[in-house]
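We just call them A, B, C, D, E, F, G and H in the order they show up, numbering each chain from 1.
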Amino acid sequence: MLGRVRAGSLSPEDAARLLGELPYAEIAHAVGSSVIDHHREIRTGVPEIVYGASKTADQIAAVLGELARVAGCAIATRVDPLKAAAVKTLLPAATVHELARVVALGVQATRPPARDIAIVCAGTSDLAVAEEAALVCEFLGARVVRVHDVGVAGLHRLLARLVDIQTTAVVIAVAGMEAALPSVLGGLVGQPLIAVPTSVGYGVSVDGLVALAGMLSSCAPGITVVNIDNGVGAAIAAVKIARLAAESP
Amino acid sequence: MLGRVRAGSLSPEDAARLLGELPYAEIAHAVGSSVIDHHREIRTGVPEIVYGASKTADQIAAVLGELARVAGCAIATRVDPLKAAAVKTLLPAATVHELARVVALGVQATRPPARDIAIVCAGTSDLAVAEEAALVCEFLGARVVRVHDVGVAGLHRLLARLVDIQTTAVVIAVAGMEAALPSVLGGLVGQPLIAVPTSVGYGVSVDGLVALAGMLSSCAPGITVVNIDNGVGAAIAAVKIARLAAESP
Amino acid sequence: MLGRVRAGSLSPEDAARLLGELPYAEIAHAVGSSVIDHHREIRTGVPEIVYGASKTADQIAAVLGELARVAGCAIATRVDPLKAAAVKTLLPAATVHELARVVALGVQATRPPARDIAIVCAGTSDLAVAEEAALVCEFLGARVVRVHDVGVAGLHRLLARLVDIQTTAVVIAVAGMEAALPSVLGGLVGQPLIAVPTSVGYGVSVDGLVALAGMLSSCAPGITVVNIDNGVGAAIAAVKIARLAAESP
Amino acid sequence: MLGRVRAGSLSPEDAARLLGELPYAEIAHAVGSSVIDHHREIRTGVPEIVYGASKTADQIAAVLGELARVAGCAIATRVDPLKAAAVKTLLPAATVHELARVVALGVQATRPPARDIAIVCAGTSDLAVAEEAALVCEFLGARVVRVHDVGVAGLHRLLARLVDIQTTAVVIAVAGMEAALPSVLGGLVGQPLIAVPTSVGYGVSVDGLVALAGMLSSCAPGITVVNIDNGVGAAIAAVKIARLAAESP
Amino acid sequence: MLGRVRAGSLSPEDAARLLGELPYAEIAHAVGSSVIDHHREIRTGVPEIVYGASKTADQIAAVLGELARVAGCAIATRVDPLKAAAVKTLLPAATVHELARVVALGVQATRPPARDIAIVCAGTSDLAVAEEAALVCEFLGARVVRVHDVGVAGLHRLLARLVDIQTTAVVIAVAGMEAALPSVLGGLVGQPLIAVPTSVGYGVSVDGLVALAGMLSSCAPGITVVNIDNGVGAAIAAVKIARLAAESP
Amino acid sequence: MLGRVRAGSLSPEDAARLLGELPYAEIAHAVGSSVIDHHREIRTGVPEIVYGASKTADQIAAVLGELARVAGCAIATRVDPLKAAAVKTLLPAATVHELARVVALGVQATRPPARDIAIVCAGTSDLAVAEEAALVCEFLGARVVRVHDVGVAGLHRLLARLVDIQTTAVVIAVAGMEAALPSVLGGLVGQPLIAVPTSVGYGVSVDGLVALAGMLSSCAPGITVVNIDNGVGAAIAAVKIARLAAESP
Amino acid sequence: MLGRVRAGSLSPEDAARLLGELPYAEIAHAVGSSVIDHHREIRTGVPEIVYGASKTADQIAAVLGELARVAGCAIATRVDPLKAAAVKTLLPAATVHELARVVALGVQATRPPARDIAIVCAGTSDLAVAEEAALVCEFLGARVVRVHDVGVAGLHRLLARLVDIQTTAVVIAVAGMEAALPSVLGGLVGQPLIAVPTSVGYGVSVDGLVALAGMLSSCAPGITVVNIDNGVGAAIAAVKIARLAAESP
Amino acid sequence: MLGRVRAGSLSPEDAARLLGELPYAEIAHAVGSSVIDHHREIRTGVPEIVYGASKTADQIAAVLGELARVAGCAIATRVDPLKAAAVKTLLPAATVHELARVVALGVQATRPPARDIAIVCAGTSDLAVAEEAALVCEFLGARVVRVHDVGVAGLHRLLARLVDIQTTAVVIAVAGMEAALPSVLGGLVGQPLIAVPTSVGYGVSVDGLVALAGMLSSCAPGITVVNIDNGVGAAIAAVKIARLAAESP
């Protein structure tokens, strides 16, 4: 919020008023209510990102609207095409990113400085999750280097992009099936490496559990892992590191 | 058997007598009995290999003895150190391979010709299973090229040995934990590739299920897989292929 | 590629031009891109086979088109009826194999010689996976002997076809439910035997995990296994062996 | 009980006294107590069989003693060697069956007539469970035909014993690993067939879950299944059928 | 078949002709074929029952037609409403049992004599599976006593029907959720008891695995179990027993 | 029932007549029947609550109608929107609670006195289950204090409502994903605490198994748990406690 | 604490001193430290109960000593015989309950009044867990009615003890294997019912997961469940209810 | 290595010699060999840390010795007490950390600068894993702030240490059972947070899978996770971040 004041996108008066109504707001739904945690960004550096999967379009639109009213912008993930269309009807100013299933609202806020993040994905099928992660990184103010379709069955494709990856401060590796990509990357690069398993596969690897377990078992030490298809979680973790790397120690 | 006659290690008379007592023999144990399948080699090209894990030392020694009496040699796997010592007491002529948990009896029989087999393993912890596979390949008459400790976290170790691997007709890849080795190998070599998951690991990868599932899910197509720690199965499959490759079409 | 030049289906000039643009090509999609690995056949003997399950019809058509442009032909699997129709609209020259969920494009390329492959399936319900395997074997240049509906509950059906199976160099056994077929076959034939579990069943055997585990646990040694419903993987493994068997040692 | 009176092994007076103290007795242990269900045989035709696995030697001996006091004989299963020795010390009249882990006490009671039961097992490793089933069948008054080590990897061993099996009224099939035996048997014989999975195996088949699931998924319909290693349950079910078959309809 | 001749529904000439074309027939489908096992009833006493779940309506109709052509009648299970309607269009003479998802064709054949079978189910939600079992029992010539909605949470409902159950030779108990019904029944009745778990439930008991495992673990010994929702398997097993009980020993 | 007589909503004559037709009633369906347990409330204090998930709309309406005819009111849960509409058509007097998937019929009966119950839920996505629990508590006569969207990631939201929670006699905590809410609550409040896991989540936490297991493993002792999404079970348990707390000891 | 002052077992001066050093104390171990939460009883009504399974004997003794120093008494669970002996050596005043694996120290404190609790267990094998629950209930000041070995396979044993159970305010039902006891009890009694699954069983029911899942799936509504073998958790939950029931509303 | 030259602990001549023998060394064992990856620190910033669990004492000592010969120091984890004693005998200069199961050899090398790391653990039982992480962090040159026994069941213990935690750059949270600690911490602090599940628990939480899954499902976004009990992996990931934070951007 202070950043938005400094950047001129929020008057000090409005900032004071907004701070006054914090720390949280309750929105009534048809049945029950949601409690919006406006202080989360102050406590943890990252605003609430709306998890759309188990909310109705009405609930998503209401929460996005309330968050953007205070913070200037907001973002929802896991919004399937039908819901996204309904949210778009309720909030015509929203932007829908179809492949990534993301809906964004408002003008990008000023964020703390952050170094670049590489998002590397193993196959075409992993693009949706990789793009969810990329949009959240950008929403949180970090620049993203996208490296696509470099699975280990064709190792030269990965080696050809290694220099691009090494210029960043953090790497997010997205892979499904047996998810060997992070193990290979982890032996080649020195940055913090966050692995995202995807639910790409069939038979034993359906639903991403094998990819997840493979990443957790990696023989390349120091890889950390998030839940299956959890592009948001990887992005937030990566941005926190990329911001630390941008601070003077 | 015909090979042993041709090689002179068995007289035609003995061969005739042995054929006469086929196809199988029953051995009485303290309780119950085992039925020895002497015809299996004739039907499938591979003699019975004794699975020692759920047999007593007495049962192992009796079955090894009966098999070697007819075929000249026999081999048992999954014989833990205590049992191996007991078998050795019962069969002083037996040879015990400790790390591989293998007990062998008799003089190596003549086998059909076979091309070479590469056995590649990811880590020091996979040596026992790799060695079980190697001993069975050799028992079945194939030469083995051993390549150890070339896990993908240090990719250059594997690349340095690639030429050795490429000179063989078949590759057995042995790996535990996330078992990325076969995926990487599968993108680099053109031979048939048999993957053996090992029960090396902890947490989610305990007992080898993750390694198994990862190998089955490999993005490098054409890899086939055997049960966890099943060096014997991989060896038999590899030898069958190596023999086919040694025949004139 | 050399085969196609030798066969006259590709001029040496075109071959030179194609080699010049190798080793891989990048295709842009609406979001992100795919990296086509044109060198895979040179490295591993088998061209890229498009996995259609988690790609859009647009992505499948683009990748098939790019692969066929260079290699003369291409094939995609796991293409459900709706997607197949959409691909057919984008690529009118494509052929759709409905039961097998396969889409093929272009004129069959010349391939290295290979011996015959038997594809044996346990029940009518396993036909789709068996046919996927058969089409991929044929795409890679091997002749297929199809043996259908010979599950072990009616053993005489299998025994009646045993001679047909024994004339081939490799056997692919396709079965769901408890998948006893490979164990019985494995005790009757001497060739390399690749088992494909199918997701046919209900209750405990839903999704094919029991068939898979049963095959991995088979008491008939030397059986290797691929992922559930993975007709493609079994076909590639079988063709590699069938080619080895066709080479002079 | 009436059978024992009729057979003269129990006087009508003693029978009356015993009936008087029914239906159940409570035995105090060091902590807590067991309630012996003396009426179970009257209600269900089968007396209580003591499950020894989670009882102490003291508890086993006390319960065996109380059961045999009233019924003339009693049997306990899952008694490991150490416990069996301790029970033997407490009850010198007991008989210990080591491989089957069974302890029996008293003189075999007269039981209702029953037809014969075949107990067929796949491998040497399944003998312990098969023998537990056989001893319980005999304790309940049925004659047993034992057929050992006839796994499907050597089909001719099974076919050679088929006639022996077909002379019985019920079949118990005992198998571990992938447990294909019941599927093959189920297609060859017409009697009721009860399958017992055993915890013989390793890797994916460790603990018998694969054998259990394979049996439940069998393509040969009409097979019923009991818990892993549950020789007792299979024996009781088989004896109930064998008795029905011995009654005049 | 002999029964039908004796009953006059088949002329001796037709019987001879049919026997001549045995033991099995192959039916071509659009892709592949099915092998009809006409001898199964002779070998095992029970004709093939068509498993409709993974067959197309065309395949179901073709197989039903071929079976009924030879045997006079045939039955298919697991035929969902859409498929059933399509089969009915192809075979107007067929009868559709909607709740049980069964399609029957032809006139009930004469079968060997059998005693009655009780089919007991725990809740309204288990009716579909219970009715599948009942229809198959009746198809195989056994009379069925239906006892519905007697779950153990209202024990008096079960006790009130106990006499009806005790007049039969065999009991099939159908239950979902925690499936306590067989344990309670097993302590109250002396007949052979076959338990069928159903996929009724939610949360941990979704898909019937808890019901299955509970039945396998029952403290009431001698219960045997079939796969989840497997009314057919329970019916065949029960009929085999009910026939044995109807034979003179 | 006595309560309703005392309250005047039922004449003593009608009560006598109703008692006369107890203890249970059988309703015929198209196939099979349901047995309504009218005595359950007398035995256990809680009437039958209709589980709608695996019943047809016809069955739900018939059972609701029969229960309400005797008891004055009835309630069904797990009624999805389509079924609810069909039930409403059959029973126009019914009330549909859409989010909670509950259908109620009749006038609220007089119930034993009970103290208040707090229903605390972690996120907006848990509202449906929380509301099912709340409606059942109210149907059984307890007042509910609803506390929504107080997940532990924003701890201050929970602390702000702590006083409201502490005024009740029992707490129901509803949470999905990792379900940390009960552990934190369990360290802060002294009342009996019943935890309801919900099937909110994705990846490893899909279907609520992680929430369930987390609640069972809670380091805050004394928490008891019900099945996933089982608002009904939690409500009944809570009401039994709230009634005990309202009795004079 | 106030209770102990009122009861005279603690002087007001000592109470004031102890309150002064609250809320928690840190104890240093060889490596690391434990933080004793002396305020827990004030916040939640129940003091810390030491979980011995993953602590060393030294740690257990240190924590027990510190808790008893302040509160007058303390109790540890899951202390295996070897550890218990070591703790006894360090704390000679401690009492060891062998079957229940409990170690207690100090003089029973005065606790809030509580009504009686029934602890019902299904088999002799469940006694250890039942006794752990009973000792914790008594430590917390509630009287226990013990009902042993009343599994549902002999229903009359349970019915004979029903009156004893119905006189208490809360019931704890302890069962392993298929754990049908709580379902049957839940249909017979009206009190709050807490179910404790035990790790008694083998095959599919090994480790108690089937018992746990069966209890969670119970068709008798209103049962709540704790973790496998968690006698402590059930006891604490039961005591909280028994105290509520003893308060004047 | 350059750090050690700069620090004077290695002469430039020795450094040149060591670089000359890079990049890796092969050590022969009794059977097979290990390949030491001396270049790993140059590529990834972190030297090889020896995983002792599946190596013999001989292998551990040989690898530690070779690593320390080149790099000046080395560390092995997962060395159980018996193996540690054997390693100590072979390498008397080694230091054994018993609780953490760590063996270290040599003089601490100079490492790149790093900011502080907080290691927070939930219970006394988690100390071993927390200490493994702490020793590895210190081996890699980072200072550690230890915060012990602050599980969420006593929230005030955690809040009291919050300031200590907030002064560090990265947080490692170690917890078993339901592992709610990271969710609560994640809502309170803004640093990168790495969660380590431990295999502390019983029943459903045995082996740490519930803790792992709970951490992956955390409602507090941005938490990353490592394998169960993987203190090493968490330490390496944390140190990489702590070094980035210490660099000037």
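To be clear about the criterion, a residue touches a chain if its C-beta (ideal position, glycine included) is under 8 Å from a C-beta of that chain, and two chains touch if they have at least 3 such contacts.
All values reported here derive from a predicted model rather than from experimental measurement.
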item	value
Touching both chain F and chain G (chains)	E, H
Set of chains whose contacts include both chain G and chain D	E
Shared interface numbering between chain D and chain C [over half = same, under half = different]	same
Contact-richer chain pair (by C-beta pairs counted) among A-B and C-E	A-B
Centre-of-Cα separation between chain H and chain B, whole angstrom	37
Length of the line joining the C-alpha centres of chain A and chain G, rounded to whole Å	45
Centre-to-centre distance between chain F and chain C (centres being mean Cα positions), rounded to whole Å	53
In chain F, residues with contacts to at least two other chains	40, 153-154, 186-188, 203-205, 212, 216-217, 220-221, 227, 230
Each pair of chains that touches, named by its two labels	A-B, A-C, A-F, A-H, B-C, B-D, B-H, C-D, C-E, D-E, D-G, E-F, E-G, F-G, F-H, G-H
Of all residues in chain A, those that touch chain H in their complex	40, 43-46, 49, 113, 115, 169, 186-192, 194, 212, 216-217, 221-227, 230, 232-234, 236-237, 240-241, 244-249
Chain E-touching residues of chain C, taken from the complex the two chains share	99-100, 121, 124-125, 127, 130-131, 146, 148-150, 153-154, 156-157, 176, 200, 202-206
Of chain H, residues touching chain B in the complex	23-24, 26, 29-35, 37, 39-40, 51, 53-55, 59, 63, 78, 197, 199, 207-209, 212, 227-230
Complex interface listing, chain H residues touching chain F	122-123, 151-155, 177-180, 183-184, 186-188, 201, 203-205, 210-221
